[in-house]
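Both complexes shown next keep subunit A, but they swap its partner, so subunit B is in the first and subunit C is in the second.
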Partner chain A sequence: MKKLFNSAETMVDDMLDGFVSAYPHVARGQSDPRVVLRGIDRKDADEKVTLLIGNGSGHEPIAMGFVGRGLLDANVVGDVFAAPSADLILDGITEVAGKAGTILLISQHSGDMINGRAATMMARDAGVNVLALPMYDDISAAPPDRKKDRRGAPGTMFVYKILGAAAEEGRPLADLFDLGEAVRDRIVTLAAAVSPGISPLTGLPMFSLPEDEIFLGMGVHGEPGVGRVKVGPVADLVDLMVGKLLADRPIGKGGRACVIVNGMGGTTTMELLTVWAETEKTLARHGIRAIAPMIGSYVTTQEMGGFSLSLLEPTDDMLACWTAPSNTPSFPSIGFPPVVCAEKDMA
Partner chain B sequence: MSAEPYFAALWRVFSDEMARLNALDAAVGDGDHGSTMLRGLTRAADAGAGKRARAFMRASGGASGTLFGLILLGIEAHLEDGASLHGELAKACERIRDLGEVAVGDKSMVDALAPAVDALENGDLDAAIAAAGAGRDATRDLVARRGRSQYVENGGKGHLDPGAVSVVIFLTVLAETGGTA
Partner chain C sequence: MTKHDLPFPAGPVFGVAVDQGSGLEAAIREARGADARDDDLPTFKRIVVETLSPEATTMLVDATYGRDLLESYAPSCTRMLAFEADVYRISDEDRITALPEGLSVSDFPDLGAQVLKFFLYYGPNDPPGLNARKADLVEDIGRRCRASGVTFLFEPIVYDRALPDGMSADFALAKPELVRAATATFADPKFGVDILKVEIPVNFDFVEGFGTGAMSRSEAQAAFAAAADAAGDIPLLYLSAGVTFERFRDALAFSREAGVEPLGFMCGRAIWSDAIGIYGADGPAAMTRWMRSTGRERLARLKEAIA
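The block that comes next holds the complex of A and B.
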């Protein structure tokens, strides 16, 4: 497989060079070039709670693309598909810490949890007011009675965005932490993979799958999922996936769901919009209104083909934060929910 | 007191022991324990005062770099700042159990570290080394419940846990370079 890199040793730093020079929203940290901070729109960390996350690279634009106003204050960038070290995450925490406090978001994978929690402990030893918020939403990783054993999947973007908007409003640390947990506990995600990504480190496919099969529930690193299904019309696949999501966390008739249709990197906008159209119709058949969708390839695994579907049953506050404007290199403008549009039409 | 002689000596010992530790790890894991420890210790030996354990964490990498780094952070604080060795290692041990979700008897570094912490309560580093050594030797008959070794044949029974071996080296080198409890 052809890839456009200089070398395995420099690929992450070469990418970061391009990223920070392309976007004024972001800048490198003082402590380490792998710490990405806001370049503009910085706020006084004694007044505003700061938010950050560490993650392995190779999944861009998450999470460095979400650094900016109304979203993250920093991102700590690890090697390809590897959690950043506790020491590096500690640098990130220290750079953004202030009197208002800090929340370290952690997408639940073993290395991220150990290193993120260790960094939090070390920062607290040094007197920093930081809390770690584990995020998990992949329903294929564990049954509902063991939600805490689930891994982080693209539905965690709901947590980033909603907490980011709420933090920008100046809400206090304890309120934000509670809000983050409440959002997390309302998110469900299920993925469908159609083709593997190619590891930039080995040049090899990360898993194999027969031409006529789709892997349900695969994690962002190719972790095994719940099973295989035959390729058919996307309407049938979406119907199956929505059914599993709603069985895991039911939403009542007349309810609403914010939706993320996340492409894994090798799936086209044409396909993702088709998935969204089928998701909206399927939810409508369940009596649920699909609103404020985020559609695109934001959590990727190189050119892996497929998508994940995430649902959040929002409170009014969560919905307002989800649709609030933000200014980052990569987070999209989320469309106003149909309910608002309908009111506009009546006016 | 500076931690520099300690980290220099630790680097020398792991340079000598790398192949043996890799071989031990090959029986229960992916065979790179000696190499990853040495990679971390090489950076630690070159780092400045108060930054050696953190340099180890970053260069060693992965979750194991973090967990062994927590022990080295404690030893460094003891050597640089005069923090209580018992207090520092007790804190490290508690955090390793919590983060690694590992208990005594799971065939891990904790099987050497936890008895050493208990022995240090009475203030004797030699007793701690003896207790850690006994804990290390006991890992031979244990079945792994965490980490990679849980997936190998019989959970690695019949083989020493390389992490426990490394913990004993940490303490032995501390005694040799003039550390006291």
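The block that comes next holds the complex of A and C.
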């Protein structure tokens, strides 16, 4: 498989060179070039709670593309498909820490949790006011009574955005942490993998899947899921997935759900919009209004084919934060202004 | 977990490791020359698994290629998966192993992997603060293994910053104590380690009768015994750490002379490193034939050495 890189040794840093030079929103950190900070729109960290996350590279635009006003203050970029080290995360925390406090978001996978917690402890030992917020939403990884064993999946973008908007308003650390947990506990995500991504390290597919099968629940690296289904009309697939999501966390008739349709990297906008259309129709059959969708390829695994579907039953406050304007290299404008939402709710 | 609760058949453990990454890939590419293909490394690993798993008690594969390889194991062979990221910047000054991003300990049962292997460079003479961080890391992984019902095999590889040349006589003389100290540290039940995969505590290039004689046979025997005693009740697997087949076979036999009763061994390159040249020169079919004959014979001779 041909890939457009200089070398495996430099591919992450080469990408970051391009990223920071292309977007004024971002800049490299002083402590380590793998820390991406806001380039503009920085606020006094003694006044505003700062948010950051660490992740392996290979999944762009997440999460470095979400650094900017109304979202993250920093992203710590690890090697390809490797959890960033505790030292690197500590550098990121130290770069953004201030008197208002810091929240380290952690997408729950063992390596990220181990290193994230270690970094948090080291930072706290150094007197930094930082809290670690584990995020998990993949319903295929564990049943509802073991939610805390689930892994982080693209639905965690709800947490980033809602906390980012709330932090920008100047809300205090404890309130933000509580809000983050509340959002997390309302998110459900299920993925459908169609084809593997090609590892930039090895040049080989990351897992194998028969041509006529779709793997439900598979994680972004081929982690085990819930099972295989035969390829058929996407409406049937979406119906199955929405059914599983609502069975896991029901939303009552007349309720509403914010939706993320996330492409895994190799799925076209044409396909993703079709998935959204079917999702909206399917939710409507359940008496649920699909609102404020985020549709596109944001959490990717190279050219992996497939998508994930995430639902959030928002409070008004969460919805307002989800749709609040932001200014980052990659986060889209969410097309459902809060005022319209409020009007519709009253109707 | 007692020795009897481990997910292996009764008797000694005869393990084969094929979890190497970019270093092995480079060696195969060089051996293949113009015939090199993108899938040489997974093909090589698959041949090792398919030819040796019927004879081995357990086989160790890496997180990058291993998930597919696990399906190729013979039913009798226990599945062991490394919990390490495949990265090019393997270690910084602190030498803390990079963790995989997309693989959780809780995934192991669904992947069919019964044993998790984690390796970490450990310098018993390093600053206490750094070693405390490494200890926390191992303890955290051990806790996750217990929670998921996964057997935890931990592999400390020793070093000493004051003796950077790992092949020197000075390091050879220091190594027994380094291995003993690392073994003693991680045998503490708080780490939840079920099996310690440890280095042969002496370098036979410096042992009387094998090499220069900087260390007498009796000193070498004492080093084996002291390092093994440090493990307490934790079973030990000796690792070949890149030595030749003959040297590893002799070391295993020597451990028995020293009165040590290891659980068994984990051997990688000592068995299959010569297959790289076969694969490079004559391709996969020739390597398969070599592994079925010479590879299996080598494994059998190592079994005899530790019997």
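Convention: the second predicted complex is superposed on the first by the 337 of 347 C-alpha atoms of A that agree within 3 Å, B and C clash if a C-alpha of one lies under 4 Å from a C-alpha of the other, contacts with A are read in each partner's own complex, and residues count from 1 in each chain.
Keep this in mind: a residue touches a chain if its C-beta (ideal position, glycine included) is under 8 Å from a C-beta of that chain, and two chains touch if they have at least 3 such contacts.
Small disclaimer: the values here were computed from a predicted structure and weren't measured.
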Return fit or clash for subunit B versus subunit C, each positioned on subunit A through the superposition. clash
First, second, both or neither for A:A118, with subunit B first and subunit C second: both
With the two complexes superposed on chain A, say which partner A:S110 touches: subunit B (first), subunit C (second), both, or neither. both
Quick one: classify A:L201 as touching subunit B (first), subunit C (second), both or neither. second
For A:D87, decide between first (touching subunit B), second (touching subunit C), both and neither. both
Check the residue A:P224 against both partner chains and state whether it touches subunit B (first), subunit C (second), both, or neither. second
Larger contact residue set on subunit A - subunit B or subunit C: C
After superposition on the shared chain, which partner residues are touched by A:G164: those of subunit B (first), subunit C (second), both, or neither? neither
Looking at the overlay, does A:G180 come into contact with subunit B only (first), subunit C only (second), both, or neither? neither
Selected from 3-11, 21-29, 39-47 or 273-281: the stretch of subunit C that, after superposition, runs into subunit B: 3-11
Of the residues on subunit A, which ones does subunit B touch that subunit C also touches? 79, 82-83, 85-87, 110-111, 114-115, 117-118, 121-122
In the complex, subunit B residues that touch subunit A: 54-55, 57-58, 61-63, 65-67, 69-70, 73, 95, 98-100
Provide the residue numbers of subunit C that touch subunit A in the complex, in ascending order. 22, 25, 38-39, 41-42, 64-65, 67-68, 83, 85-89, 92, 94, 96, 98-107, 110-111, 133, 136-137, 140-141, 144
Complex interface listing, subunit A residues touching subunit C: 1, 8-9, 55-56, 78-83, 85-87, 108-112, 114-115, 117-118, 121-122, 141-142, 149, 151, 199, 201-204, 207-208, 219-224
Write out the stretch or stretches of subunit A touching subunit B in their complex. 79, 82-83, 85-88, 90, 110-111, 113-115, 117-118, 121-122
